Amino acid sequence: MSAVATALVFWPAAALMLVTAVQVFRTSSMARAGLLLLGALGFEGLLFLALASEFLGVLMVLMMSGEMVVMTFFMVMFMPDPGGLMGMDMTHQPRRSAAVAVAVTAALAVLAVATDWPGRVAGRSAPDVEAIGFEVMSRSMFSFLFAGVTILFAMIGGVLLAQHGGRLGLDAPAGEERE
Amino acid sequence: MDNVGTYAQAKAVEDTMLHELVWLVPIGALVVTALGAVLLAIVLPRGRQGAVGVFVATGHLAAAAVAGVVWADRGFKAVMSGTVMVDGLSLMLCMIVGVGGAACVALAHPTVSGTDREGEFGALLAAASLGAVVLGSAADIGLLAISLGLSSLATFVLTGYLRDSPRGNEASIKYYLFGTVSGAAMTYGLSWWFGVTGSTSLAAVGRALPDAPTGVVVGSTALVLVGLGYKAALVPFHFWTPDAYDGAPLSVAAYLSVVSKLAGLAAIARVLPLALPGDTAGWSTAIAVLAALTMTLGNLAALGQRNTVRLLAYSSIAQSGYLLMGIAAIERSPGGLSSFAFYAMAYAVANLTAFAVIIAVQRERRSVDLDALRGLGRAHPWWTAALTLSALSLLGLPPLAGFFAKLEVFRASIDAGQSWLAVVAVVNTVISLVFYLRLCAPAILDRGTPTPGPVRRHRGLRAAMATMAAATVLGGLAAEPLLGLAEAARIL
Amino acid sequence: MPLLSIAVLAPLLGAALSPFLPVREGRTPLALAAAMTAISAACIVATWVRFDPGQGMQLVEEARWIPTLDVAWRLGVDGMALALCALTVLLFAVSVVHGVGPRPMGRAACGLLLLLEGSTLAFFLAEDFILFYVAFDVTLVAMYFLIALWGEEERRYAALKFFLYTLIGSLPVLLGIIALYLHSEPHTFDMIRLAADPAYQDAGTAASLVFLAFLVGFAIKTPIVPFHTWLPAAHVQAPTTGSILLAGVLLKMGTYGLVRVNLQMLSAPFAKYALAVAILGLVSALWGTLIALAQTDLKRLIAYTSVNHMGYVVMAVAAAAASGISPRGRELAIDGAVLQMVAHGLVTAALFLLAGLLKQRTHTRDLRELAGLLGPLPRLGVLVAIACFASLGIPGLAQFPAELQIFLGTFDVFPVIAGLALLGLAVTAALFLRVLQSAFMGPTPDRFAFLPDLDGREALAALPLVAAFVAIGVYPRVILDVAGSAAWLVGAG
Amino acid sequence: MTGVLLWSAVLVPLVAAGLVRALPDRVAAVATLTGAVAASVPAVVLLVAAADGRRATSTLRWLNASGGLDAGLRLDGLGAVMAVTVAVIGLVVLVHATGYFADDPQGRSALAGLLAFLAAMQGLVLADGYLTLLIFWELVGVASARLIAHHRSDPAAAAASVRAFLTTRTADVGLYLAVLALVAASGSLAFGQDRPPGALGAAIGLGLVVAAMGKSAQVPLSTWLSGAMAGPTPVSALLHSATMVAAGVYLLARSAQLLAGWPLQVAGWVGALTAVAGALIALGQDDLKRVLAGSTASQLGLMFVGVAAGGPAVGVFHLVAHAAGKAGMFLCAGVFQRDRSSTALADLRGAGRDARGAMTAFAVCGASIAAVPPLAVFWSKDHIAAASESHTAWFVLVLLAAAGGAAYVLRPALVLWDRAGAGHPVRREGRPAMLAACGALAGASILLGVLGGPLRTVLHAPALPTSTPSLVLSIAALGVGAGGVLLAVRVPQALRSAAAHQLHLELLLRVVVQRPTLALARALDAAERRVVDRVVDAGARATVRAAHAADRVELHGIDAAVDGLAHAVGHGGARTQRLQSGRLYEYLRDAVLGVAAIAILLAITALT
Amino acid sequence: MISLPLVLVSAALLFGVGVYGVLGQTNTIMIIMGVELMLGAAALNVVGFLRYTWPDATSGAFFVLILMTLMAVEGAIGFALVVSAFRHSRTAEADDLTQLRG
């Protein structure tokens, strides 16, 4: 992708990403927040594309849309007032939180900008799918397998927690009496 | 390594990896345990789910044993293209996790036996152990992040295992939120490390960071410490600890306080020297300060507790501080790592003993309040003995394992020129006396409260209690084998 | 035969066996305690016979323990250690006769007593710093439970205070030990080597800090003002046997350590701070005796006199460490200090034993309530009088030669301090005379008219102590022949 | 051989004491007397040997430190004379005591105590070197305290015992100090050294003098002596003559060389003042034993003057002479006391007439104490007067004391002989022994007066000072004193009826002599009781107050500080606990702040 | 045009928004969203480095994959926890979780 094209995609995508991200926490509807988050992460995927990481970008968009849809369902199912009809406030100490967030951002941004990051500036843009494939199948094989195990147990754990009633038909969750 | 590989290269890498699998047997044992537990939980009928627990415990012990064999037979090696370190630190962690995990399974038996998710409990516990061991072995940014993820999320679920308990839910949500936020902060720091290095290998990071601009090093290291520090329950990332222990099943609290915590500390002990070699950015001193803060805050907060679980939670925070003393000395004293390793072993057995007794008492008296321990000596002299031994060992009194552990970390600290930290630790030890005595003294000195009635005996629980208590004593009186082991612990 | 190891291990074995005794009560625990104490005593006596006063550290027994750290089971005796071991076995024999808790002793009491005995002996015999420290702290735990289980009304508080203070004292010692270890070349915990070749030859900052760490630790144990407030609390609340052992043996650990470590291994910094330490000792001595004068509780009073007497010991050790002292002054100071440790052990143990017997009969320790006891209790009264006179330093009884030598030795280098310390003699006399006057003289109130005098068992407990301190008082070289400083004090100064 | 004798002089009475304590009551008296006789044998043999010029020592290495710190006994003239004095007076007193305690259930232990007392005193006078002397010095103190407290159910006796012990013990600190200084100066505790210069010498001099003052009840450390009258009379007899109080004088005599110069001057002044004060105090008393106690202080003061002015022999001669007389008076007083169950002069009126034997002995001994020629004390006091002639102030004070002596002896004698109170029954139990003892001492007073010579030989004092003026003045003083009393006391009927106008003289005398004298005596007594006593007591009270103050500091200062620290720690615990609010967002916020702090920390460590 | 600092600043801003969400939101789900943003910011950093400074670092690309995995699994577990808790207490407010403290 040429520099101009990159810029053309980057600026709007970055701006939209940040705007949607901020809106996630400004809306009073949780369903909307979920969709806004989907948007933010989607725009981030777009940024990835602009930054020549096509595979990662596409993956991001696909994964996040899947996840966010599930999330929105969750919220519609379980949350009070998912549509934000009552306009309830879901924040506390917004000013203080914002101040902290601004400080964190400023610190990180200043450090990032002030640093003369090492490495080549020129050259090929970013690893392509094939390279990532080699990486996964060679050096990072163990991590890859491990990530798979992690996903498996996340599923098991999620099911354990979320499912109503016992898998074996028992309705006797454990308990420990304490005073 | 960072070139785009060819098939031939990939093939060569795979061959090497196959050869290296031998070193991965301990981790493999835990993988088999975790997956096997899942399979067993699916296959076994509802009446036989208890077998999963036995299987998981056996698997843990096997992993520990295999780790010992690998240590003795194979030596240390960086495997999987340098992403996994099989060295003294990781094998030691594997042994602790193996034995500790098995003990926790035994401790959990009274709680989970016969419940609806008994099989999954074992499987998740094994997964958490797997995550813990890999966390302590990882020499790669990616592996570090994902292993922290696995070990965390498995324990999030375990903490919330008592789904009908509001306390359990609260505990697991707080733990989860604190943990994920910390993990996310860590990944941000890791991303900068990558930016400085161009590789996710910690060894490569270690080559690049000393020359990197201070600001980036400081910022990223601080963020990385958040994730690892939360796992190890260091101040100021300890807030979740008492609440999570309090709400979780007691056996899970024991697990968190031993396996999870030690994995996090082992990760710190590996990551910092690897990524910041030669005391880059003076992290030793920073860790020493953290150690002082952690032990002080933990001990002070433990003073006023009436709830034994919270008391032990704060105690374990304080113990993290002492453990950090060893880590703070790694760069400056040859005894730093070994003192950490020995302290970890001594702490694990003593803390598990204490939890075992608390669980036994909770089963019988339906309370974890300190008052429930009153007069325990008359009814259960052996429980009382175990509790006393563990409290005194945690306090660091000779000739128990905890004493030699303290001796080791003090020695390392002074040797590393951090005598002030040793003095802080001494003051803290004195403070800690008050609540450790409060834990064990009423059991011996007070008259008892009546027992509610006969309670089912759990052989596993008793066996774990006896084994750990015996280890607490033997780890002191016969400290030589373990000390020898700890002395040999090395970071590759 | 490894006499020293047997002497240490026999009581420890007994302690380990005690939980498995078939009965909770009955004679078995007592028999076990008696047997193990007898074995220990026999070993110490045999050691005394085999001991060659002409040599320093001797009869060293060594076994591997933790070679990784160069920690070994390393025991040995010199004159001071032997004298204190003899004191220890005697006092434990007395304690077994007198018993702890319900009578006959239960197995818990027996186990704790034996644990205390074994660890105390191990402390005095240890020639390895880790063993030394282990023994130091195990005595602490055993004593804590002795006080907390069988003490008086406020035993829990007092026991906690005792534990806290002594732990505060022991941990700096641990730091000091580690520093010595790290500073020795090659690293070692071997006390014989560290004494022969001190790690710190100078009195620089590091050496001073190490010195200070040990000093604080031993000062709390001794105890020296202002670290002494645990002592009266512990003594008042402890059971009689606890007080006997606490005052008789455990306090000696502080001064023993002061000599063994500060004087022998850190002589250079000690020489630098000798005057300050001597002043501390003096303040302790005067403070202890003045406070004792104000007490009305008998055990509290005796406890404070311990502060006084141990202050003299500290003063003498400091004088011996001073650089300006003459060889003879040094010999006098150390001889006096060692003799005072033994003498104070015997005398104060006797006082606490007799105070305990008195309390058993009258149910009070308040001097204002006691009166005219000599009438119903002539034998007990005479023993108390002898013990009081011994404690105030009357010649013919053990503390006189000890204190005289302490004063002589101290005067050699710190004349003003020694002179001021003499004032303590008068005050001590006053307070003991007051005890005798108010408790034993005067008309006997009716409520005390028919108290039973000493019985056989009590006499069996008390008489050996009295006999021992009379013997030492008449002929102090009974101890000095073995424990005299010329025989063992090598390397320092 | 001499060594055996020396040790047996000390050990025989000690063993005897043990035996008496152990044996049954009925043989106690026999055992006591046997022991006392046996104990005096070595002393006498030693005196004979010493008179032959034999000198010997027997030492025992007692401590490890060598050179001059050995324990040991020695034979020389001074020691031998003292030893025989102690043994003989002790024997006589014990003879008396067997009678005195005949019907006392605790008598056996008193007899044993007396024997032990003798043993300690023998050790003191035979000691070779200050170490041994110190040992027995202290033992004498303990033994006397134990005997004074004989009537243990009597609170006054207990208090007197404690006071006696504490006063002397406090003064003994001086002896300790002197010992320390001596070792520091010369490395040796042997007798016969010269005083080192400087502070050490000052410490030695002052220490020894103070110790001697304490033991010999010199002003202002004299109050314990009259209190000690609470003990049984034989005890007082022994205490006031050859033992205990004699120890101070003996110490001065023994250390004369060491104390030469200003220390002896101090001792002389103290002695001279005490001599007069003691005499006046004796005059003001209404209790026979207290009269005698005052007299003892006065006489001891004279001994101090003697040692200071004339050397050891003068002082010791007076000591021996006084011992016989004073012991005799006490023993006689014991007889009267048993008859009347009191020692108050008012109760004793006429007691002498009922017990004529005792009265005779009392008169002889009293005459000796009053320095009536040619009895023993006359000579010894004369020597003192002669020796102090060159020192006018002392000389005057000595004469005043002599006059007082005559007066305070005569006054009770007149009361005892008063016909008005006669006619009471006497107690027969144990009387022969008591009377024998009184007689023996009366005889000794006469003998010593007549045969003072051998004593001088042994003391190596061939030429004790004498001078005519002092002789004359002494006798004059005697007359003045006696006359004053005779005129002042209710004068015998015959004399009164002789001339009515003499009543005016009596009145005059009463106004001019008696009243001021008695007033001064009372004032001094009051001074002693109120001021000196109070000073001493104030010292004690100040100590006690300091003790209580220290105790308060202890409880509210040190202990509170520690507790406060503990409290602060606990408070810190509560604060940290409050951090754990249970609110997740606060946890997270604190964690973020924590990260910032860690980053700052790392930045600091990285940049330094 | 577009350079590394710009990407990094964008990532920092995204992270900041995430932090704001985490600190400021009362609802568990919303906090989880904040976490997702923080993780996304980390990923954006890495992608920026891949593009501008370390184009050959395939391990970095794999790291991004791992971050995405983490986002997914942590989200999943989080929702499951919320469901489990909501079933009993009918609320997902993190602020209500104050039973455990001290």
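Labels for the chains are A, B, C, D and E, by order of writing; each one numbers its residues from 1.
Operating definition for what follows: contacts are C-beta pairs under 8 Å (C-beta built on N, C-alpha and C of every residue); 3 or more make two chains touch, one makes a residue touch a chain.
Treat the numbers as computed from the prediction; the structure is a model and nothing was measured.
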Task: Length of the shortest touching-chain route, subunit C through to subunit E - done: 2
Open item on the list: Centre to centre, using CA atoms, which chain is the farthest one from subunit E?
Closed with: D
Task: Per Cα centroids, the chain farthest from subunit A - done: D
TODO: Tell me, please, which two chains come out on top when C-beta pairs in contact are counted per chain pair.
DONE: A-E
Task: Inter-centroid spacing, subunit E versus subunit A (mean Cα positions, whole Å) - done: 5
Open item on the list: Counting only Cα atoms for the centres, state how far subunit B is from subunit E in Å.
Closed with: 26
- [ ] Between subunit D and subunit E, tell me the centre distance in angstrom, where each centre is the average of that chain's C-alpha atoms.
- [x] 97
Task: Length of the line joining the C-alpha centres of subunit B and subunit D, rounded to whole Å - done: 79
TODO: Identify all positions of subunit A at which a residue touches two or more other chains, and write them in rising order.
DONE: 92-93, 96-97, 100, 104, 107-108, 112, 117-119, 127, 131, 134-135, 139-140, 143, 147, 150, 154, 157-158, 160-161
Task: Multi-chain contact residues (two or more partners), subunit D - done: 577, 580, 582, 584-585, 588-589, 592, 596, 599
Open item on the list: Counting only residues that touch at least two other chains, what does the list for subunit C look like?
Closed with: none
Task: Which chain pairs touch, all of them - done: A-B, A-D, A-E, B-C, B-D, B-E, C-D, D-E
TODO: Sort out for me which residues of subunit A touch subunit E in the complex.
DONE: 3-4, 6-7, 10-11, 14, 17-18, 21-22, 24-25, 30, 33-34, 37, 40-41, 44, 47-48, 50-53, 55-56, 59-60, 63-64, 67, 70-71, 74-75, 78-80, 90-94, 96-98, 100-102, 104-105, 108-109, 112-113, 117-121, 123-127, 131-132, 134-136, 139-140, 143-144, 147, 150-151, 154-155, 157-162, 164
Task: Contact set on subunit C toward subunit B in their complex - done: 19, 64-69, 130, 133-134, 137-138, 140-141, 145, 148-149, 156, 160, 163-164, 167-168, 171-172, 174-175, 178-179, 181-182, 209
Open item on the list: Touching residues of subunit A toward subunit B in the complex: what are they?
Closed with: 107-108, 111-112, 114-119, 127, 130-131, 134-135, 137-143, 146-147, 149-150, 152-154, 156-158, 160-161, 165-179
Open item on the list: Using the touch definition from the top, list the residues of subunit A that touch subunit D in their complex.
Closed with: 92-93, 96-97, 100, 103-104, 107
TODO: Please give the residue numbers of subunit E that touch subunit D in the complex, ascending.
DONE: 19, 22-24, 26, 94-95, 97-102
